[in-house]
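Shared between the two complexes below is chain A, which has chain B as its partner in the first and chain C in the second.
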Partner chain A sequence: MTTDQVAFKIGLLGPSRVGKTSLVTAMLSEAQRMLAGSGVAMVAADTATEVVIDGNREALQGDLLSGEFLHGSLLGTVEPTYFKLALDPGVPDARIDIELLDFPGGWIKPKDRVGVEDQWEKCRKFIAASTILLVPVDASLLMETTEKEHLRLLPQFLTTVQVEQVARDWAIERNRRPEEPALVAFCPVKGEAYFNDNGGIKNRSVLLRQRFDTVYAGVVQAVRAEAPKATILYAPVDTIGCVELVRADWTKSSTGIWGFDAKYRVRGKAEISRMGVDDLMTAIAQQLIYGKRLAGAQESDDLRALANRAAEYAERSEGFFRDIWLWVNRERQARRTAAAQHDREAREALHRVLALDAVLEKIAAQRFGPRVSRL
Partner chain B sequence: MLDRRRARLPEVQAVITNWRNVDQQLISLSSALDLLRNHPSVLPDAAAGLAIPQFTEMRAQVAQVIEQYTAVEARFSRDTVNIGVSGSARMGKSTLLQSISGLGDEQIPTGRDLPVTAIRSRIYNSPDLRRAVLRLHSPESFLDEVIKAYHLELGFDQWPTTLDEFRTWNYPAELSDPKPDKVSLLARLRDIHAALWSYEQDLCRAEREMVVGLDHLRQFVAYPTHESQHSTDPVPRRYLAVRDARIDCAFPHAEVDRLGIIDLPGLGEIAAGAESHHVTGLRHEVDVVLLIKKASETSAFWTAADAQALKLLDLARGSIRNRGDFVYLVVNTPKGAESLADPLRAHITHQVNDGQPGKYFTVLDTDAAEPESVRGGVLSPLLTALAARLPVMDEECLAGAREAAAGTAAGIELMLADLTTAMRSVRAASGDVTETIADQARKLREDLAIELNALVAELRARVMADEDDPEYVSAIKAVYGDVVAWIEGGFGIGAETWQAAAFRAFGTDGSGRYADEQINRIRVEIGNRFAALDTFYSGQIERTRRDVGLILRRHCGDLLTGAGEGTALLTELADLLDNPRNPCPALHQAVTGLLALRMEYRSHLHPLLRPQLDGLRMQYEDPRTGRPVAVIVPELTEKGARDLYVNFTHLAENAAHEVRKALMAGEMTPVMVTYAAVEHFVDAFIRSGASNELGSPGSEREFERFARAYRDELWPGAYQGIAEGNVRYDRVMTLIDTLYGTLAEARRAA
Partner chain C sequence: MHVHLRTRGTDIDYRFIGDTPKAFWWSEYKRRGLTDHEKPVIVVESDGAGWRIYLHGAESRRRDNRTTPITFSIVLASGAPEHGDRDDAADREFAFRLINLWLEAVSEPSGRSTVAERLDEVLPAITVDHWLASGVDPESARAAEKAVRMAFSSGLSEPEPPIAVSTSEPPYRRWLGDLSDEKSRETFVAHVRELLDGRQGKALILTFVQAPDDPVVADLAAAETGDLALLAARRGRTPVEGMHPLGKAEPVLPADGKDLRSRRPRPMGRKRLPLVALAVVILLVGLIAWLMLTGTGNATPLPALSAAATTITSCPTSKISPDMTPGEQPERPTSDPRAHRPWSCSASTAAAR
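After this line comes the complex of A and B, so read on.
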């Protein structure tokens, strides 16, 4: 937790088992693919994260090998989970820490966070410091629910009420910092069956979007109302790609507890084929680059005043700008070190730091795929 | 003068006939109104006006008119000028009659003491005849008019109704309450009873008239003499069998030709209740009345009884204006009583003529016992006066009758006008059959619209409900469960058997053919199994038809009670609506449309759901490359067979899942289908407009046709009652019109 004050923070909002770990795993994997050969690595920054991601990968591999698997949705658990990643150019103190918090939606109601107030406060601060909210959306729940009795359960299973509340608080905080970028990305997951651009036969993406708009209208409106400048993206993600929904059933236990079970089969050659994760990474990179540019603007006379304000703001601000400021300072420090030492090692370090900058610029410059739309 | 009278007789008789008709028609009208008023179709408010107000009084007025015209008729139909001779007992009436007629005591008995005239006679001048015609009682009329009157007067509860009963009747010797008048009555009754033997044969004659020679007349018109009454022999009383007597004889005075004299009872001698009847009789029988007052020691002044007698005679005058035209006073002055005559005349002048001789009444003087005196003092001046006044009196009588008739007719016509108004309100309230059918048809349509709209609203509420139709969800789940069970059970043959068969097939044909056959089989089987929903769909539609049918039956009286329910009922209704005489094409089409409603999985839903089975195929086109891609290419091994089986179960499960999902999310749910169908049915059945294509005048008119065609089944008994009510109504209206006509006819005739 030593990087609390310097990590790039991303909030994850969604119910348990919606696929947040799979999304983080996919992001890590996709980042590694995108950074391959750049000299910059995306790594799990702590052991806990490494363990969780490894476990997720192993489970996924198992599912793929079995040819079919069940994926259930349950009512949310209330344990916060932190994922720590890092963009590491291989230069000490030059890496960018990225921290993601799986926000326990169950804590939104005061009565449900009795006894965990300290953790709640920590979560609240984390969300306030986040410039990005990722909202995984269970596409199968949206698409496979047809009975009215079950449709009424969707807000409960998708935790849209809690998501809306946290997103609203986050948006209010973002609105207080107009210079800072803000991004909410709604990421339908488990939606491989509804697209035909990644091995599927039928394209039901329009219907998926319609259902998302219906169910998440409140969340989108809350963000738009509280943070008008925030970027809101609809970015469906295939975290696996080579799976297809077989059937889905709403079930009710003998104790009256509802559950939603989806059965998937592995299609084709069981090769993971992620889709849309690169769009998500592009959006994140754009956030980083935007901040970096803002922080570096002090070199321009015209932007000096703004840079000064940004610097001052960074001194008293948590989160994003502090992180970016540190990153910029490290880059400068590397340049100065390289200039002063003129040695090979220093130049190499400078090269790596600049490579991180370049690769992020490159990723940020990518155009969003056709699945992505701005809301 | 008499001929002129007779010439006018037909018109008077015509008027009388009309007024008698009026009376009968009033009775008929009253009865008809009673019937109409009591008919169920007549509402209480309207019934109140269906009566002849003061019916009894109105009939009395009509009777009065008839009586007046009858009096005129009697007057105009006389062959003689009739002079009534009236006066108290012992005034010389019979003596006067003898003097005028030339008859003697044998025919017109006189006596010094007791009253001797038992039967009043009408005596007519007849040069060629000399006889008496007696009109006799029958036993019944005798017992009813004579004996019963005595019994009632004496306070007896019972009276004899046959002569045998009368003969054996046991009369008391004396009364418990011996008032003098009653004692006298009882004595007379006992005399009558005792003398039955003498007149019984006359009562029992076959002929009701008996002609008697004038020489033997006395026993039939006079009371027994004092001597015979007190002899020991039984006293005969044949006069008791006689109602009245007509005597024809030649009057001694040749100048008097067509003259009759009527012996009137002594006024004041008859019971009070009989006086009005007597007066009516006077009016019918006489043209003029002589009221005799005898100048004698006991009656030389005008008494109160005389005044009462004059008053009664004045009543008989009727419409004759001048009292003196109808009544003449005769002062009978026997020889030796001349000195009494002057005071009597003076008293009469004072009491009757207001002190001026002849002011109101003419006073004639005569000695009744002297025919010449009678001729000169009575007949000559009387007949002279009558020659001038009788035509005037005739006109006055006729005018009086006309006046009474006009007043009564006006009253009746006013009543008829009120009644006509009341009848209009009855018609407005109940209407005739045609109007009522139209009203009933309209109401039927409205009532059906209300209930059918409620059914539509109920179905719409189910369509719009927050909950899915639970029956439909259950039906889909059941069928889906069956399909999944079939899949999980190895496509009906078991997983191992299926895989073994697949492996065997691989050996001969490779994997492709078997896989193709199986995938097709699976697709067909899934479709077939979902078609089991047809049972549910048809049940839903039949239930809808039953709901509609029950509403129709509830409002269609007995028309559809014999039919079954649902389809059977609607089929029968469709047949009824296809009536050549009263075709209802729009209604028929609406019903047959509902009967034709189908919802079948194969024909209606499968085409829509077919894309959900697209996954059940062995290869598909890759959307990214456009190239065909095999779903699976299994190894030709047991593992390959197992892989194929797993793959097919996944595809089949997904297809079943997609079909189920599409059914649940589909627009075409049974309740939507039935809602749309019933809504369309109601629109067509209740609200369709005129259509040339169908040859329909529109729903509203077709309901009228339907109502006309089946009115007795739709509203059992109602139209039978309406027809009956209309007959009663028409009867009243006819009688009103007839009465108007009869009154007009009477007016014209008068």
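After this line comes the complex of A and C, so read on.
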């Protein structure tokens, strides 16, 4: 089980350009606000994470100010990026370190990871060891693909076959550690045009869900089969909010390579209005705090056992003369001091567990929004 | 000189064309919270005998199948001098010119840069797609290297802007300036020239750094020996004014690989002198006693001499490896010539009686 020093891992799984980095940026940008009511806070834990996220936010702001949003303004990920985060549940000494891996989405396809197999292997191992798996889903691809010849391209563009394989590996690994929490969240992104709860006019969320169920059926089934205890969520996220799909085209280059081009415009006030991130953050926080609570409970038990042994040792009679000698050389007093210290540590650990329970209760009381459903 | 080019194709994700460097040594700077190698950056390292360079961020006109802009990375590493390297001077000149153009692109990110224009000229989408589809392929790697060399060789159609290099001696050997400051950039370029010519040190654009007193800068200065030319480039920073000296450097290793400190004997501590004198006296007394007790008056024949001749062969002069991480330090030379480069020298020893 995880200890204080070991970071919880969150894996991101999806093809190139699906919006992995945008999802991470949305999560971190909103974390403070979203979790504020629960007394839980999530922050960047190192400069690199802070600066990268700030840079992404600035790029998005620039797009909004220009009036036209191109999902391509965030350049693609070139190498694996490890974001370091910290979740503070508001309980002393119970900070939860989190590592989140973003990697070049193309690597999920064998033909795209030629020459970087060893790096992919590290990514794969990280994902397998992750407590939480986030699977961004390109909603615009799902919804704007209607022609038969384009529908055939969906598995290639969404890499559903490869996503299923990696998700299955993750689920198998989770099943080997049934005592640990496990959450996989499918997050349709770039779907601002299909909901009417965040400035949109039409509500096509039911159709989006149907398309998701059809295209990702294999992935969901693989997780369910291999890790029956894992929590599986469907949680659409507006990473920007104030954008509207204007046009989406499938095009074929002169060399016969298919492409999908979606154009967006800014709607209403050019203000970012993220939706669904709070549900996702709540689910993540719940899983991680639960994981921390389990680790804390184990630690508390160990410390209590140690404290009991120390107390017994401190008061143990070792014969009349030996007891006098222990009193004379102050050994008895030293043992009692040590036992008291162990007892204090055990009580502190128990207090942490109880405090984490209280936080979990508070988070559990928060209901998911109507967009979210369990699969 | 080895040239690696990384970019992505229309439907193939980022990778090095044909041949991938064994280690992504530049990513260590991100781990240390110094620079983001996925932003426009320049990373130059030299151990005095070899150098390696990472350049990233030039934006191509090409777009991927989701209309996302595509970027280029170029990794250069000096060749092995033991192979003759007749083109060494030309390679250095090539690298220098490329870094200058890259610095120009990095410092003025708005608009199309000369580097991107030139790379696009020689790397049309159809060619890049074909090379990337070839996977690990020495032919593609060679073709990509040739294209990069061609893009930045002199005598191209577009006239090159004059290279602004500070001609005066840099005020500091280890300093931090700002990417937006022209004088700092000129000094940075002058340092790059010296690193390519054999000085030990590093020239880095640091996208995570905004001020000379950032703790990561102090850590870097403490950990690194040799020259340090650093340009702060964090977004939204207040530009650093002027050039700020960093901590003292360790003695710089000259190109011959000998530590200056090892050239002169260290003075013996005064406290040790009496002990040494006492040891010598005891040894002398013992020797005299032994001679008196065992001496027969006949001279003891001297033992036969052994002469050992050691030949060093195929010994590379560069201690820097393209695969070393920045945390790794090249091994310090000692007075023993065989100990200079124990990792790659072959030695043959012949004994004669």
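Keep in mind that, in the parts below, the second predicted complex is superposed on the first by the 252 of 375 C-alpha atoms of A that agree within 3 Å, B and C clash if a C-alpha of one lies under 4 Å from a C-alpha of the other, contacts with A are read in each partner's own complex, and residues count from 1 in each chain.
In this section, a contact is a pair of C-beta atoms (placed from the backbone, for glycine too) under 8 Å apart; a residue touches a chain by one contact, two chains touch by 3 or more.
In this text, all values refer to a predicted model and were calculated from it rather than measured experimentally.
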Review point. Looking at the overlay, what does A:Ala248 touch: chain B (first), chain C (second), both, or neither?
Key: first
Practice item. In the three-chain superposition, say which chain, chain B or chain C, touches more residues of chain A. Key: C
Review point. Given the touch rule stated above, what does A:Lys148 touch, chain B (first), chain C (second), both, or neither?
Key: first
Review point. When the two structures are overlaid on chain A, which partner does A:Asp197 contact: first (chain B), second (chain C), both, or neither?
Key: first
Point to revise | Contacts of A:Asp261 with chain B and chain C, given as first, second, both or neither | key: second
Review point. Taking the superposition as given, does A:Gly67 touch the first partner, chain B, the second, chain C, both, or neither?
Key: first
Point to revise | chain A contact footprint on chain C (complex, rising order) | key: 6, 8, 10-16, 19-20, 24, 27, 30-31, 33, 36-39, 56, 59, 63-71, 73, 125-126, 129, 135-136, 207-208, 216, 234-236
Revision key, fill the gap. Given the complex, residues on chain A that touch chain B span 67-68, 144, 146-149, 196-197, 200-203, 244-248, 263, 265
**Study point:** chain C-touching residues of chain A, taken from the complex the two chains share
**Key:** 16-17, 46-48, 51-52, 54-55, 58, 70-72, 75-79, 81-82, 104-107, 109, 111-116, 119, 253, 255, 257-262
Check your understanding: Along chain B, where are the residues that touch chain A in the complex?
Key -> 466-468, 473, 614-615, 620, 623-624, 646-647, 650, 653-654, 656-657, 661, 664-665
